[in-house]
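Letters A, B, C and D mark the chains as written, and numbering starts fresh at 1 in each.
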Amino acid sequence: MNPVNYLYLAALLFTIGAVGVLIRKNAIVLFMCIELMLNACNLAFVAFSRMHGNLDGQIIAFFTMVVAAAEVVVGLAIIVSLFRTRHSASVDDASLMKL
Amino acid sequence: MENLIALLIAAPLLGAVVLLCGGRRLDRTGHWIGTLLAAVSFGIGVALFADMLGRSADDRTLTQNLYTWIPVEGFQADMAFQLDQLSMTFVLLISGVGTLIHVYSIGYMEHDERRRRFFGYLNLFVAAMLLLVLADNFLLLYFGWEGVGLASYLLIGFWQHKPSAATAAKKAFLVNRVGDMGLSIAIMLMFTTFGTFAFGPVFGAVGEASEGMLTAIGLMLLLAACGKSAQVPLQSWLGDAMEGPTPVSALIHAATMVTAGVYLIVRSGAVFNAAPDAQLVVVVVGAVTLLFGAIVGCAKDDIKKALAGSTMSQIGYMILAAGLGPIGYVFAIMHLVTHGFFKAGLFLGAGSVMHGMNDEVDMRKYGALRKYMPVTFVTFGLGYLAIIGFPGLSGFFSKDMIIEAAFAKGGTEGWILGGVTLLGAGITAFYMTRVMLLTFFGEKRWQPDAQGHEPHPHESPKSMTIPMVILAFGSVFAGAFFEIGERFLTWLEPVTGYEHGNPPVSAMTVTAATMVMLLAGVGIAWGMYGRRPVPVLAPRGSFLTRAARRDLYQDDFNHVVLVRGGEHLTRSLVYVDHSLVDGVVNGTAASVGGLSGRLRKLQNGYARSYAVSMFGGTAILIAATLLMRAV
Amino acid sequence: MSTVAATVTSSGEAVQFWILGTVAVIGALATILMKKAVHSALSLAGTMIILAVFYLANGAYFLGVVQVIVYTGAIMMLFLFVVMLVGVTAADSLKETIKGQRWMALLCGLGFGILLFTGIGHAGLNHFNGLGRINSGGHVEGLAQLIFTKYVFAFELTGALLITAAVGAMVLTHRERTERAATQRELAERRVREGVQLPPLPAPGVYARHNAVDVPGLLPDGTPSELTVSKTLRARGQIRDVSGEALDDLKALEQRSAERLGREEASK
Amino acid sequence: MNFPLLTVTAAVPAVGAILTAAVPAARRTAAKWLALLFSLATLALAVLIAVRFEPGGDRYQLTESRSWIADFGVRYELGVDGIGVVLIGLTALLIPFVIAAGWHDADPLETSSKRWRPTQGFFALILMVEAMVIISFEATDVFLFYIFFEAMLIPMYFLIGGFGDRAHSGSDENAAAQRSYAAVKFLLYNLVGGLIMLAAVIGLYVVAGNFSLQEITAARAAGTLDMATNTERLLFLGFFFAFAVKAPLWPLHTWLPNAMGESTAPVAVLITAVVDKVGTFAMLRFCLGLFPEASKWATPVILVLALISIVYGALVAVGQRDIKRLVAYASISHFGFIILGIFAMTSQGQSGATLYMVNHGLSTAALMLVAGFLISRRGSRLIADYGGVQKVAPVLAGTFLIGGLATLSLPGLAPFVSEFLVLVGTFARYPVVGIIATIGIVLAALYTLVLYQRTMTGPVKEEVRTMPDLRLREVLVVAPLIALLIGLGVYPKVLTDIVNPAVEQTMSDVKQTDPEPEVAVEAKNGEEAK
């Protein structure tokens, strides 16, 4: 087997995640889909790291995790405060952006 | 001596500045300041004249270069003056008659609360007119040219509270502007042809320029002259200009400013001499105006307007003479000077009559005034005799010379022009006799004015009669003085040149013919107005009379073609600007607004919907990148 | 694991890839298709653990461990906390409300996926270096060396980011009480003033047959009153409607009593 | 490094703007005096520039150059030629008058709140505009110029939209709507122009590799920088469009009547006498300097548009019923003359155009400010609401007439010199164009005198019977302007000496020489013989 297959898998997971972001209304699930996309990227980085024979890919994946963690913390905090005021976790309820 | 030239202009200019900026505290002394400064200018003029007489005929030109007015690469306009015999003649006329009319105005404007300002304007006029005749290049002449136009505007509209005066002032300025267009185009043509527009260099290089160009320059100068001197087709403003106070009519619209056109043509004689076609047009314009003014003068009942028609006609004589070339230049100027005397005198007389008659201007409401205003009657009568060319008076000599010169032009042209001038002399005699008879003879036809005051005719104060006497003196003797020993001819010849021409008939014959025409004119007028009583209300009259009363319908023509047409044009342009030019802009804005209104619906506010767009956009971008790399 | 470039991995890894990869994709699909958030979270956790295994297979040992501990262990649990807070039983409606959204999403996803696949396919990545040579000096040491030399600034920055995120989360969720809490008396007075609900709200539970707070009290006609349930539960839609049950109970009771009475009548 | 005079001149009003804006609400009068003080200080510096400038010296003097955005070759480069010097002078000169004339225009209404500070804002914005205009005249870096050319719109937008004329015919809401329409129109027009110019600026960088006006001009003149014909033409059009909007040239003019009509008289002066001059100035400096060949290529079309502006502007002015809109259309006509002079490509035309910018600034300022005084007295902008004013307010009427006479270019007043130079310069190369343009002088007389006749003469209208004459402050505003108009009319040499060398340089940029006269006349006059 060629490690390129890992890349195909990563692409598949990424696409699934992206579609999930687009079709789900629950903000929490939406976040999970984003995490899925990030993980797919990490997988690609790790595969690249192996292909190129250096560790930089893994370092990037490492940073991605940190950033993802930070993002989740803030994002979930937003969801919680949103839920408190609106009693809903649906992103469609927050549609005040239109004129 | 040449350093005095600038002072000639500076004195009245100072007067204008002081009087106009001085404010109310000068109200009581203003008229004296104005008169004094005009007199100072006259004094300097006389001193320069005396100095000039002391030098030989070839060495009489003085120049003074103050500074370069507009220095731009290749375009050098100097603030420089040139005083030669021609300018000298004008300087004396302007400052002399000007001073007299200042004196006259002291009395005439006594009861006007804005007298100080009137004198300021008069001083401004004198300064501008002197600048006009003293300039040594066409651009500076243009400066003076417009300066007198401004003064004329201010003075015609002096009684601005009267809408008719304000309109007349505006009309005068606008018609003059059309003429000014001609002057500026002439200057531009000179600049492109000769690279300069100073008198000396231009006239010196005339021989090298093409005749077509010179004809163009000549015609443009003529257009300017037509505007300023009220010649057909730009004559319409002069009659209305009589709305101004009478001293203004005397000084500006009879003696000096309106003759500026004659000055311009005589001054540019070198150009016209080399452009016979332009000269022909000048002569035609002069001849047409001569008859036009005379006919209009016959029909007017308003004394000032009758005199205005006369002025137009007399200037027609001068323009005609100037168009004859070296045969006529000297006589044009000579008639200009004598006309300055007698026409100013006539206007002052008319002013004096109006002064005594509650400002009534309709001659049909005068009559029998000779007993009540003896001085006015005598001075006016002398002016009358001078203008119709009574033998021995100034008009006789100067007009006779022009008629002779017209015949001397030679050929059919000469006969036609001679005939026209003779006919003009006859009509002049007719309308002036009419004025004289209606005003001073016959029975009283006085009417109370609008407020019901009966007129009490009385002689005017000394300040008014003395200038009239002096002018009458001039009208009687100036012609003879100029003519005896051909003094005037000798004086001006070095500047304007002179040739005798070849008259087909002898001078005596011409004089005799003139006399016949004169007697005929006087006789007809006596028949119509002297022998039988004059109705107070004007009879309907023949078609010609009605046409002449309406200035031969030229104002109606202007009104229909220019005023109405112009109004329609501006109104439609305002509409175009608002609806079309602005409409395109606003239409674009509205359609963009409409489009974005529709596009706005895409902005439904759902973040997920935006996310799809982003995602799709990213996909397209990646596809584009890949495709580019593939290609 | 060889130290030179190779084109093929061991067949054991291939078997592992195909089996676990399938599971991972199923997990991912389950994540986006499950109705309840808690199920999504669990599916995602499964996918992540499989990914951790793949990391290990790719020689990223440290990352694999971190993936299990940090991601699956910490972050996913955080998700679960929030899911519980918001309401574990609340199910999402999978009905799409925005017109054309789902089709557009699928179309874009499909197109994007095809693009990625063709891109990877065209990249021509036929051989790979492997990590043997790099990992020879110790895997974690190698990572550490890179992090603390080449990437030290990025590392510091991510640290700062984490702290900021932590502070941010506190700011967002913490609510300072800005006014004095109303006393019982004041609350009572307000109630009277507003005149909406003078007595205390009715208690939940039906005739004390249930002691759960999510069961609404019944009105005399047997219909449930939502007033009796806490606002939070109402918002989550977690009211357990037992009215039917209660009526059934009542019916059964009456029947039983009727039977007994009937028997008593019969026995008479 | 010498004393950075140019930077300081632009910085002084900017600092003044900040300080004025910071004055507390209650100290309104202090803010006015502060603004006036700073504008006078700027004037003093502008005079210093004129003194330090040597007409015969280098093309650009008092230069400053600092690196700014090194990656894109953008430099902070300042320098003035003769044209810049006189226009800086004009700007610095007019602003004190604008401030003094607008002394009470931005006083808050009785009813507005105590903390409301419109006065401070008004004067701060005026000073801000001054700073930006001055630096636009100084910038010799295309990018630097572009930034301030655009940034000027921001304070102008607020001046037009925020401080309208209190004299209006309709209700307050209607007036506010008109005002915001005018402000938005001004902004959009100029933004579109600026946007197209931005594209051209970037294009210029791509072609030339830097933004330095001096370097590019020199390279163009020396032939070391070749541009493809079409590239040059496109870039030229990009620049010209922006300047033509600003100038404004027919048919891009319709924002000006709205903007001038709805704003207060001092702001209207600011628009037409100061800000618009940046457009014509930039045509002369950037269009001709950077794209000489394309300028010559576009000349016929531009001349026709300028002619249309002249005649059309004047005719539409005649048909106006609103005093301020009339002056606006008159300005459009005058801008036609300026553009005509620039693109006639003769030294008379270009010197005339430069003088015209100055003189038009002075004459319009005089006319518009007096018109503003008039309007503030009667509270109406409609010509029909006036009549017989000269009887009750002779000084006002007199100054109004002088302003009008300057507008119609009466000899003896400054605009005549410039207008005649433009006409002569145009005529020398394009006789027909020159003759048609002369029609403009007749039409100018028409609209000016009609305006004067309808407002000032005739019987006194009941509403104007109690109208007071000019107050001391107002006389102090108008009198120096009139003195300058007369002074520059009889002695324009002070300006031409500074301007001529710069015009010669521009003429050599576009490789044009004046047409020779048909007949060479020797020793035209003493001045040249020396």
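Worth pointing out:
Here is the rule we use: contacts are C-beta pairs under 8 Å (C-beta built on N, C-alpha and C of every residue); 3 or more make two chains touch, one makes a residue touch a chain.
Which chain is which protein? Per UniProt: A = NADH-quinone oxidoreductase subunit K.
These figures come from a predicted structure and were not determined experimentally.
Core chain by CA centroid proximity to the global CA centroid: D. The chain pair with the larger count of C-beta pairs in contact, out of A-C and B-C, is A-C. Chain A and chain C, compared by their mean Cα positions, are separated by 14 Å.
Here the spacing of chain A and chain D, counted between their Cα centres, is 58 Å.
The geometric centre of chain B is 100 Å away from that of chain C, both derived from CA atoms.
Annotation: 67 Å between the Cα-based centres of chain C and chain D. The multi-chain contact residues of chain B, meaning those touching 2 or more other chains, are 604, 606, 608, 612, 615. Looking at chain C, residues 98, 101, 104-105, 108-109, 112 sit in touch with two or more other chains.
Contact of a single residue of chain D with at least two other chains is seen at no position.
The complete set of chain-chain contacts reads A-B, A-C, B-C, B-D. Within the complex formed with chain C, the chain B residues making contact are 604, 606, 608-609, 612, 615-616, 618-619, 622-623, 626. By the touch rule above, chain C contacts chain A in their complex via residues 7-9, 11, 13-14, 17, 21, 24-25, 28-29, 31-32, 37, 40-41, 44, 47-48, 51, 54-55, 58-60, 62-63, 66-67, 70-71, 74-75, 78-79, 82-83, 85-86, 92-93, 96-98, 101-102, 104-106, 108-110, 112-113, 116-117, 120, 125-126, 128-131, 133-134, 142-143, 146-147, 150-151, 154-155, 158, 161-162, 164-166, 168-170, 172-173, 235-236.
The residues of chain D lying in touch with chain B in their complex are 185, 188-189, 250-251, 253-254, 312, 315-316, 318-320, 347-348, 351-352, 388, 390-391, 398, 405, 410-412, 416-417, 420-421, 423-424, 427-428, 431, 434-435, 438-439, 441-442, 445-446, 449-450, 453, 456-460, 490-493, 496-497, 500, 503-504, 514-528. Those residues of chain A lying in contact with chain C across their complex are 1-9, 11-20, 22-26, 28-29, 31-33, 35-36, 39, 42-43, 46-47, 49-56, 58-59, 61-63, 65-74, 76-81, 83, 87-89, 92.
Contacts from chain A toward chain B in the complex involve residues 18, 21-23, 25, 91-92, 94-99.
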